[in-house]
Amino acid sequence: MHAVEVRDHIMIAHSFSGEVFGPAQKLHGATFVVDAAFFAQSLDANGIVIDIGRAHEVLKEVLTPLNFQNLDELPEFAGKNTTTEFLTRHIHDRLAEAARADRLGRPGSELHSIRVSLHESHVARAWYEAPIA
Amino acid sequence: MHAVEVRDHIMIAHSFSGEVFGPAQKLHGATFVVDAAFFAQSLDANGIVIDIGRAHEVLKEVLTPLNFQNLDELPEFAGKNTTTEFLTRHIHDRLAEAARADRLGRPGSELHSIRVSLHESHVARAWYEAPIA
Amino acid sequence: MHAVEVRDHIMIAHSFSGEVFGPAQKLHGATFVVDAAFFAQSLDANGIVIDIGRAHEVLKEVLTPLNFQNLDELPEFAGKNTTTEFLTRHIHDRLAEAARADRLGRPGSELHSIRVSLHESHVARAWYEAPIA
Amino acid sequence: MHAVEVRDHIMIAHSFSGEVFGPAQKLHGATFVVDAAFFAQSLDANGIVIDIGRAHEVLKEVLTPLNFQNLDELPEFAGKNTTTEFLTRHIHDRLAEAARADRLGRPGSELHSIRVSLHESHVARAWYEAPIA
Amino acid sequence: MHAVEVRDHIMIAHSFSGEVFGPAQKLHGATFVVDAAFFAQSLDANGIVIDIGRAHEVLKEVLTPLNFQNLDELPEFAGKNTTTEFLTRHIHDRLAEAARADRLGRPGSELHSIRVSLHESHVARAWYEAPIA
Amino acid sequence: MHAVEVRDHIMIAHSFSGEVFGPAQKLHGATFVVDAAFFAQSLDANGIVIDIGRAHEVLKEVLTPLNFQNLDELPEFAGKNTTTEFLTRHIHDRLAEAARADRLGRPGSELHSIRVSLHESHVARAWYEAPIA
């Protein structure tokens, strides 16, 4: 299996609901350094997994509506805990849509899966990996 | 698949038995930066894989008996080479016990697997990944 | 010149006032990975710059009132932009007070200066360095 | 599953053919920091996946013919785009040959797979993972 | 002293003249991860060293003419060895010009110095630091 | 001021004397990732601070007598606490001797100073910087 991974980041505010979160129930924030990995069983005729330039662009496009936001105020996240884990899946699903729409410089049907990793500090990170189809 | 990973470290002394180890047959030591990743097929009602605070605590608890020790003198390791690989599994198995005992803020039966990575320098690391059940 | 540096982190929310901040004028947040470096011209009789255990504790103590907070709501920061640069100095000054109070396992008069670095993402960081006296 | 990973690097020049590459169609270059991970289902009698010293040597041996080269001029790559993805597989296949030839301090039949990762900058990397057999 | 540092990167080809360079006398290449640090004695009224957005833009602007180039073919570098050290100074001097031209969101006269670091691999880097005036 | 920095590492065992060291009074060990930075006011005719190949060799030569050793048993360290800080200076002084002996591919008189950094974990490091003369 081949993979290509690109990196970007967002800075957001949010709060959590549930005793398990302790002090993180208060409004606080995070920098998430985001790695998006695209997997394919084989390379295309150019010798690439995807167009890495487009991967950077699509990742930026997916992150922009989140960047510099208070996630507690975004309607699409109403009633949800926007945990690191939740956000890995949210970003994954937007990237998978872009892949299926052939927006990564290669037919989405030639790609296998996507893994999105969010690094929240030097001692904690989370990721979500799932097929594109 | 979802994953959450937490980081800690230990500083230990040990020696190895076997010509393959060359100069590492002498008593020497290592800092191991330890990453413990917990995998689950789905998030719980709070939107998390595990309680990350408990994950940090349980990892610390597993590492404490090793930290600042000469591993050659620990009875449980008698007759063993406490290689980086060996230690990844040792730590994995202790963490898996904690998971099965429901000590990570979620029933162990809802977790899938654990991967323990030990970084021994800027040019070498090892990891062990296996199901919890 | 000798130096010892320890690392910790905080996760905070805040907003900025001023057009220069663009989208960061909205409430957002950040993870700051914090490095605190302590400088001394010479080592003490134990062969150390400071007691590294106490340095970790004092850094934690200085960071705790900030961690998981909305800095916009803290009275001591009223009317201030809590920029990365501002926070490097705030943390520096609290650490320098602890040093002068001989709380680092060595008389503050034997220490020279402190540098506090805040990493806000994989592409940006800031630091402040000044004498302790 | 156990794994051991070693790191080295190469500095090369090359150019690409195909509009997808944009400015990278011109002769340019890259530092590739190379991670080679070796996987095995179990440890040998010494408690290791492979002889890590030999792993470093074999990786160096595989990288040397590429290091400080203009890859456009190497006959074996004629007509190919030596993309990061292509090189992950090239290096993988040379390492797998070494593994099958029992050159890693353990019978190749006891090893499972190899993953080769090339870090091309702080925001992009690629890898290839496949069985040894 | 305060500082703010931003990161970007370039991928270039070049060759060196002189026996000291050994195999690097051949055409090869490098990824340089570039850190540009801006120093100031005090913060401005907004609480910043410089406008970090402009710092990223100016750094990008300085790097663009180098990126994806064979430096051996650039007229301005004719007869020069474009070593890592040489490039740190080249980039520094372009950034200092931008600072003196008040292009960093703050009068250049309020800034003190600039340090440019180029990371060429995981085991080697160089930097150049000098006043702006 | 120009600088070039190279990286290597050692793995050692040792123990400390003194209550300040707590559990580190027991025999334990560490991986030290070692950065050696060489400073010069100007570049030589080749456009370099030093011959980076020789810098790597000299650093390796200085580290070899320490690597895979129990530092408690080395006669030259008898009665000393081989703290991270102590070792930064020990390595510095050996590198400065090599610089003064013109062993870095440039007359030592053309070099200014050396800084040696030891990273002992992901949360702690120390360094020592002093002139060569």
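We call the chains A, B, C, D, E and F, going by the order they appear; numbering starts again at 1 in every chain.
The rule is short, and it goes like this: contacts are C-beta pairs under 8 Å (C-beta built on N, C-alpha and C of every residue); 3 or more make two chains touch, one makes a residue touch a chain.
All of these numbers come straight from a predicted model, not from anything done at the bench.
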| item | value |
| --- | --- |
| Comparison of A-B and D-E by number of C-beta pairs in contact, larger one | D-E |
| Identified repeat of the B-D interface (over half of residue pairs identical), from D-E, A-C or E-F | E-F |
| Centre distance in Å when chain B and chain C are each reduced to the mean of their C-alpha atoms | 31 |
| Interchain centroid distance [CA atoms averaged], chain C/chain E, Å | 27 |
| Where chain B touches two or more other chains, by residue | 7, 122-123 |
| Residues of chain B defined as touching chain D within the complex | 16, 18, 20-22, 80-86, 88-89, 122-130 |
| Residues on chain E engaged by chain C in the complex (per definition of touch) | 1-8, 43, 46-49, 51-53, 56, 105 |
| Chain E-touching residues of chain D, taken from the complex the two chains share | 7, 9, 11-14, 23-24, 26-33, 67-70, 120-123 |
